[in-house]
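As structure tokens, here come the structures.
Look at the two complexes coming up: subunit A is in both, with subunit B in one and subunit C in the other.
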Partner chain A sequence: MRHSKLQQQVLVLYRQFLRAAQNKPGFIPRIRDEFRENARIKKTDVMHIEYLFRRGQRQLEQLRDANTKQLGSFSKPKGSG
Partner chain B sequence: MAARVLQQCVRSFARPSLRLCTRNVAVRATATPAVFIHRPLSFAAESPRTRLFGQSRISVGVFCRQYGDLPPLTLETIKERVMYVLKLYDKINPEKLQTSSHFMKDLGLDSLDQVEIIMAMEDEFGFEIPDAEAEKLMTPEEIVQYIADKKDVYE
Partner chain C sequence: MASVRAASRLLSRRAISNIKAVPAAAVQNSRNFHFSIYGKKNNAKVSDDISTQYPVVDHEFDAVVVGAGGAGLRAAFGLSEAGFNTACVTKLFPTRSHTVAAQGGINAALGNMEDDDWRWHFYDTVKGSDWLGDQDAIHYMTEQAPAAVVELENFGMPFSRTEDGKIYQRAFGGQSLKYGKGGQAHRCCCVADRTGHSLLHTLYGRSLRYDTSYFVEYFALDLLMEDGQCKGVIALCMEDGSIHRFRSQNTVIATGGYGRTYFSCTSAHTSTGDGNAMVTRAGLPCQDLEFVQFHPTGIYGAGCLITEGCRGEGGILINSEGERFMERYAPNAKDLASRDVVSRSMTIEIREGRGVGPEKDHVYLQLHHLPPQQLAARLPGISETAMIFAGVDVTKEPIPVLPTVHYNMGGIPTNYKGQVIDYTDGKDKVVPGLYACGEAACASVHGANRLGANSLLDLVVFGRACALTIASEHKPGEKLSPLKPNAGEESVANMDKLRFASGSLRTSEIRLNMQKTMQNHAAVFRTGSVLKEGCDKMDDIYQTLDQIKTFDRGIVWNTDLVESLELQNLMLNAVQTIHSAEQRKESRGAHAREDFKVRVDEFDYSKPLQGQEKKPFDQHWRKHTLSYVDRKTGKVTLKYRPVIDTSLDEEDCAHVPPAIRSY
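For the complex of A and B:
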């Protein structure tokens, strides 16, 4: 299965994210969803992919920072409001 | 019986061998704790005396260290562990899983899932798999072969 250079970089980034998030609760589902969602982008749309890749690298640095402890989110309950 | 075990322990200690009391570890069900050895050669002469002591601890002088270690790896155990980890993965249907099932073609996973699977294998077996080699592992059989290769398991 031949991956292009960019694909390989994305996979390496994914692995690094999962490793960095192992001890911090709440990140893993978000990471997985984000990568899964963006996997739908066409291979030819290199600008978008590279933009997301750079963004991911910056987010990885934030994640690795010792001050980041966990991630939470609010969601609107169904049927209200 | 404990005394006989102690004797074996002493003899294997006196011999300059690396397998320290491995027989003992299997024989003793409960851990009779360490007994301290002063001088191996002189102790061999004392061994008839230890027969009398039997269960006593501090008065006898043989130190037998019991090293804890993981169970030995064989191809069978590696395969079982790999399949077990794969069955726990939520995106894989356990019924359809075989050792020869290809992650992408048979099980319908994609490369992100394959990265997660390889990471789970790294955690299970406790060693790093570099990316270049990780992306080539596409079936459970290949993973087993790779691990056996890295861990020097032959059959």
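For the complex of A and C:
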């Protein structure tokens, strides 16, 4: 099954993200999670996909910036606070 | 966001590592967060108990500027120009910062309209501040003023011009020639009546030449402080809900004022004192917060600003009898007396029954006696504002006006170089890594009252000063001092608490309570009993923050959350303002007490100094207030710091000894 134009763009973006995140700890798992989660969006929901795509491009620019160093996370354990 | 749930589901199948486990003894209610590098598998232990997760992006810069108004932009591109890798974190797009609303102008002793000298400007500013301003900072600002204005003109700012092409300077409140003896001075350089708009757009345009990284629509939550040194800022990206930590050796705060603590103000809805609150939460003091300027001419009802430039062009204030009442209160300067004098005069007129309108609760600003061409050329903006917000044609009818909260003289205490200071053991101590400029800072050039058109000057001069100080003391590419991996955890915990808050009071309700209390209890004229009642009410309202209720549980563009964070910031500013006002038992500048009508200095300057004994520090009030807040209890502690009375160069410009202030 051939990918649509939009799907190809998303795949290109994914590749660009993985390449950009090479030497910065913590980004790759998050990138994978985010793309896998959003893969569930229906192919027909173009507005949503395009919005996420534009946002992803901005986030990619920020990731490529030399001043962005690593990705961590603050997690709250269940049943507290 | 949806990814958070998925991430937590996915992560529950992986091991979570605690790079730095929080010791059990340090765990409090807010410290339930663990920091880890995203997805690292250090332990084999599978953990199934993550409920919420916030991704945190770490950035490293040489300098971070919080706020992109006049001062923030000037500091940011000043630093970029000096070669520093600079980030500018702002919750608004730069051209939407409140600087854009400034109308009047920028003071500088250029001498285009008549002979002028910056030392006369220095004298006027010191007198305007009611001798609470630090004279070294005022010396610095007024001496740099002509160079700063020429620099702006070179950047392309479209100043109004005289017939021979020089920058047009208009008369403005409190400006005089020859140390007050030579009549009204014309030293306010302006761009019709939208100087702030031009200034901000000029600075923004100029800043695009440099490679500053802008982080627009990022809400700065807190400073990252460690061992008394500021090591950066933690911010929330409003667009996607991610947290960002900006590590740097130099942080500049230029977040503006906090007009929105009052019900009626000329400030934007975004003037919420975020910088002051960040500094308070870091355990540092704020200075002179009780000095809130009431601008004489805010439109009655709407609160929109009508610039002092109207009075500079010849506009007059009249009461119900059609009398130009300012002649009685300030025989020399009349309508161009200092703003606090004019506000008080207007309030007295209204109180004595000579107000206009059906409820006799405001006065009129008359402009229709001026030639229409002058109004169209010099005051086009306010002509339109008056038409839209008051339905008044300025060429035919007067504008209804009322004193409205406009500016905060107080803020984060700094020295004349822009470095933030704390006052311990009787001495000023610089807080390493932290700087402040603009309305958020208190240098203090404005003291107890700000002269009109000095604020825009303050922005550019001290924005540049921060950049110069950082450039002189640090080098680009300096190694960053180490930071704990879980720095900023408390801020994230607080944000998380607000995001899921389910109390009984809406954010808007608590905010309205605070605004009405401040408006009723800490207005133009203040009385001890009313202030005390206000303090108690504010303390109660501060406690109601625990019962806050928010509705939006999402993380993307959660404006409910951002407004609640802003409310927390406003509340810290409000309690400090009203407690400082209640404690200050004198009238000075914009702080007017009905029960203590006189200024209390170390000498009585209304009589000859010969034979007078100097009052000890704790018995007079010519001193700066420093206020600290315990964030959990909301309790305000006050300390006092002496005013700096010496200029930077006594031979070039002698300091001005205190005297009685009359216009």
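In this text, the second predicted complex is superposed on the first by the 80 of 81 C-alpha atoms of A that agree within 3 Å, B and C clash if a C-alpha of one lies under 4 Å from a C-alpha of the other, contacts with A are read in each partner's own complex, and residues count from 1 in each chain.
Rule of thumb we're sticking to: contacts are C-beta pairs under 8 Å (C-beta built on N, C-alpha and C of every residue); 3 or more make two chains touch, one makes a residue touch a chain.
This one's a predicted model, so the numbers in the text were calculated from it and none came from an experiment.
By the touch criterion stated above, A:N67 is placed in contact with subunit C alone, subunit B being left untouched.
Touch criterion met: A:R15 reaches subunit B, while subunit C stays clear of it. Of the two partner chains, subunit C is the only one touched by A:R55; subunit B is not.
When both complexes are overlaid on chain A, the residue A:Q7 reaches subunit B alone and has no touch with subunit C. One of subunit B and subunit C touches more residues of subunit A, and that partner is C.
Of the two partner chains placed by the overlay, only subunit C lies in contact with A:G26; subunit B stays clear of it.
In the superposition on chain A, the residues of subunit A touched by subunit B in one structure and by subunit C in the other are 36.
On the side of subunit C, the complex with subunit A involves touching residues 2-3, 6-8, 10-11, 16, 29-30, 32-40, 48-61, 85, 87, 213, 239-240, 243, 485-486, 489, 492-493, 496-497.
Every residue of subunit A that touches subunit B in the complex is listed here, in rising order: 1, 3, 7-8, 11-12, 14-15, 18-19, 32, 35-36, 39. Interface residues of subunit A facing subunit C in the complex, by the touch rule stated above, are 25-30, 33-34, 36-38, 55, 58-59, 62, 65, 67-81. Within the complex, the subunit B residues that touch subunit A are 104, 110-112, 115-116, 119, 131, 135, 138.
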